[in-house]
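Below you'll find the structures, each written out as structure tokens.
Same chain, two partners: subunit A is paired with subunit B first, then with subunit C.
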Partner chain A sequence: MSNDLVLENEILNLIKSAFNAEGNVIKSRRVEVFVKKDQVSSVLLFAKEQRGYIHLSHSTCIDWIEEGEFELIYSILSPKDKIMLYVKTRIDRDNPVMENLDGIWHQLNTYEREMREMYGIEFPGLIGDKEFCLEDWDEIPPMRRDFDTVEFARKTFYQRPGREDAKDVRKTLTEQSGEKIPDFATKYSRE
Partner chain B sequence: MSFFDLKGLLQPLTGIRQFGKKPHTIKLPDLLLNTADRYRGLHHNDLEACIGCGNCSTICQNEAIDMINLENIEHKDGDSGLRPRVDNGRCCWCALCVDVCPTGSLNLTKDYIFTSEDANDFLWIPGVDNPEGNNNLSFTSDTNTSLSMYQRVPMRELDGKERVKSFAEVVLGYSEEEARREAQRCISCGLCTNVCPDHMHIPEYINAIAKGNDADALKIIYDNNPFPEMCGKVCTRRCEEVCAIEVRGEAVAIRWLKRYATETAPTAEKIKEIVNPVIKESNGFKVGIIGAGPAGLTASYYLALRGFDVTIYEAQAHAGGMTMYGIPKYRFPLDSIDKQVDYMKSIGVKIKYNTKVGKDISFEDLYKNNDAIFAGIGFQNAWTLGIENEDIPGSIPAVDYLNIINRGDSYDVGKKVVVIGGGNVAIDGARVSKRYGADVTILYRRRVEDMPADWEEIEGAEDEDIHIATQTIPTRIIKGDDGKVKAIEYLKANMVADDKGGRPRPVAIEGSETILECDTVIGAIGQEADYSWLPESFKDKIEVKRGMMIVVNEFNQTGDHKVFAGGDAVNKTADAISAIADGYAAVIGIENYLVKK
Partner chain C sequence: MNIVKDKKSQHIVDYIKEFARKNSLFVMAYGTGCGAIEIPPTMTSRYDAERFGIRGAATPRQADVLLITGYLAVKTLKRVIRVYEQMQDPKYIIAFGSCTINGGMYFDSYNTINALDRYVPVDVYINGCMPRPEAVIEGFVALQEKIQRGDADNGKKYQENIDWYRENQMKVIKNWNMPDYNW
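For the complex of A and B:
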């Protein structure tokens, strides 16, 4: 295996110049590119049809809640060059719509249905049942970071009797030491 | 096809030849396939290693983990005494609890089969209900990949070669970004608060810093510590020794975070603006405070807030007590003391400097003119070394030496200095001498790991090229022809295990006398209080027990109910944070005694 990352830099520079994109060689056999939302299909088609990235490995989403964005990642592989290319794009979190790309790889249909259910991202024209894994879900999509898992568990699953002797650690410690936490400070105590 | 199909009849019989062969299938239950390496089965908890921090319970998204009391497990320093119990009916084996367990005591095993007709049996106490699980661990946590952060944000310091040139502060303090990052490492368990003598609200103020609310952090700190910048710079920080993260990593830098919070208020006015204290109307009671050290200042501050008329009588020209005159300025600068004392004055604390009780004003007068007295007199007098020629010129106790330097006078230590002792005072004496260009050696009876000094101080001394000669017992000071110190003689020692289970003690090696030439010998083996201010007539009520400690009750009240005491002369730990705790306890005591009686 060569260590000078020739093939990695070649695909990176091709995409960077052709699509005016940003990107990095992460390490050997791993390249990432950041492209605009409406360029994703062109980049994927270019990589698949012309550069041998014929295999879709995976597609997933990251919730950048602080930045008000979702990041979509398409991981595609060239069996010839043995390089994994991550095509990444950001979409607006308040209006999460992404082009349906299952025409390029039909496997994307499954990933897109999953992302629709778990993150609430719409893919116009996507064929497939709205319900993917979840049944009768009427909460916000559960993989969004503002979904309160604890609150959901609290109201969905009943508390078994026999757990009433549970202690709060911080409170137990103050009882042991005699420490008095002032009222204005308790909002910073552990829940 | 004929009616009688012979082939079809006989062919199945060929299967008989398989008879007697070993089957390819496995036999249950003897031969279960191994689970994956990181399989997430039922929990196991090492009850000895667990410290009851409750981080597992906090992170559980299914509320499946309770912290409960168990028989035979008592709380102690650094252990809440609680242990986790898992409701396996709610658990989804995500293993977040294992990932964030700071001690690594909680793990998941390979076991995944558990059956019971009673649903309540699914409520498990890991480690109690499956003690054998320890041999079957599968999913364990790794401090390198855990969500908990085990590496401390490093503190920036002046370089060793640079700092010995002056008394500039060595520690540079956290930037805002560094403080936020460090504060986020805290898991808010609160184990630290129990060992803090003052029970400061540590998780709360660290959390406030983590959330970017420095003003709230400062307010929380001032709830029971009016001298926090001092603590932020030089506290003995027993809190960090019991930090849950310390078990497998580096303790949260509690002291540096407190320092950061106090530095967000650069002036006394700014402190007042942020803390915005409620000062009660005068209640007409007068309290006299002896000594403007941490204990006296703390009592004064909270008494003044509660409407008492408070006056401190301080023998020296400056407030701060030992933190002013004992701690070198490169650790705790003068303007930092002034800022905090100015703030206390701004809320009504009065200080009379250069007024020594027993000399400039009599204790009887003080007693007569006040409704209560608080004595925070500190440990002023050094213990003597008890060796020959200790009193000749060139031999000086560290507290006296530090006092001279800190009040701005000079003392010529010459070219070679020997410091005797292993505590913070010894290190201070050594590092100050180094700043005057001397070649410094510390003689200490035991090993480096036995030194009571703060490890950062020891490292600081080593960085500054101070030689620490361990297992050495000084035997005499040798006088030169000029009548001054010429050298010191010491014996080397072996460490011998203590039969009674105590720490190993040094035993001198016969014939190992070594002579080390030096110009100055600085003794730093301990201090005690000076009770010359206390008139004989009070001594039957105010008891001073062996070891020169004043006897007090839980509110720091002495046998004379009008007189309270705190600080080094009262508590065994003899550090500033204990003095602050004493001052605070006395405030409650004085209030109970005068207002609520």
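For the complex of A and C:
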């Protein structure tokens, strides 16, 4: 097993030159590329058909609320090279529409339905029930960061008294490690 | 229900009735959360719950005990209510773990209820995350003592206070499309 990242750099440079994309080798066997929204299908098809990245491992979404964007990640794996390639793209948070790619891997259908429900991303032409895990949900999608889950639970579910003296463990942990809690995270602090 | 007119004889009849009830607890085979993983060791040879007369039942109409094993999503709560209402009186609920008591580690989740006894009556709470099989058996023994005392009549209480329970249930279950069971 070589440690000079030959295969990693090869696939990275191929995608960089062919699609004019950014990217880097994270570590051994892990490569990430940042592509534009309309290039995702071509990059995925190129990697699948030409380079042997035949396995869709995972697909998920990250909410970058400060930048007003959603980041969609497609993790695909080449069983031959044993490399995981992360294809990342950013879409607008106010108008979250993404191309429906379940024609490439049918498994994407499940992930896209989950993203539609949990983040409210629209996939035009996506087949499947509107309800995936939730039932009769009429708030904003719950995995978005502007959804205040503590406030929602307080308002919806009965809170049994007795938890008032619960301490925020993050404070103790950050004091030990010297790490700073970001401002958006302190919003959920119990103190 | 009084079978005999004499008060002393009724006491003996009650004793035999409760004795039979407490020693044949049929548990509904329905796992709702992560706690269901504690049921197989409780039932199998290491802890052998059947020596207390505890065994599984396939359908709600054959079961006496409904175990709520862990956190309850709102979606699952709807099914639990439906199962509970189908069960025949006398029926008991044992609630498992911290999540059923005050929400546990899911106290701020958008989709799990925090206090089970607002929605269905609970006979015995077992705390722990998760309770070990010894604790589960302890809970069952507590239920058996309650039955022998004649205190375990939550099925009746549920019928009497059905309006209060319905109000709480409908607060979280928005689309109420359930059948009405007239017991």
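The rule is short, and it goes like this: the second predicted complex is superposed on the first by the 160 of 191 C-alpha atoms of A that agree within 3 Å, B and C clash if a C-alpha of one lies under 4 Å from a C-alpha of the other, contacts with A are read in each partner's own complex, and residues count from 1 in each chain.
One rule holds for everything that comes next: a residue touches a chain if its C-beta (ideal position, glycine included) is under 8 Å from a C-beta of that chain, and two chains touch if they have at least 3 such contacts.
Since this is a predicted model, take the numbers as computed values, not measurements.
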Partner chain(s) touched by A:Gln176 [first = subunit B, second = subunit C, both, neither]: first
Touched partner set for A:Leu134, first subunit B, second subunit C, both or neither: second
More subunit A residues in contact [subunit B versus subunit C]: B
Contacts of A:Arg163 with subunit B and subunit C, given as first, second, both or neither: both
First (subunit B), second (subunit C), both or neither touched by A:Ala185: first
Partner chain(s) touched by A:Val6 [first = subunit B, second = subunit C, both, neither]: neither
First, second, both or neither for A:Ala153, with subunit B first and subunit C second: both
Common ground on subunit A, meaning residues reached by subunit C in one complex and by subunit B in the other: 149-150, 153, 157, 159-160, 162-163, 188
Residues of subunit C defined as touching subunit A within the complex: 74-75, 78, 101-103, 107-115, 118, 168, 171-175
Subunit B - residues contacting subunit A, complex: 52-54, 57-58, 61-63, 66-69, 75, 80-82, 85, 87, 89-90, 119-120, 122-123, 187-191, 193-194, 199, 201, 203-205, 207-208, 211, 216, 219-220, 223
Residue ranges of subunit A in contact with subunit C within the complex: 133-136, 138-139, 142, 147, 149-150, 152-153, 156-160, 162-163, 188
Subunit B-facing residues of subunit A, complex: 149-150, 153-154, 157, 159-163, 165-170, 172-174, 176-179, 181-182, 184-186, 188-191
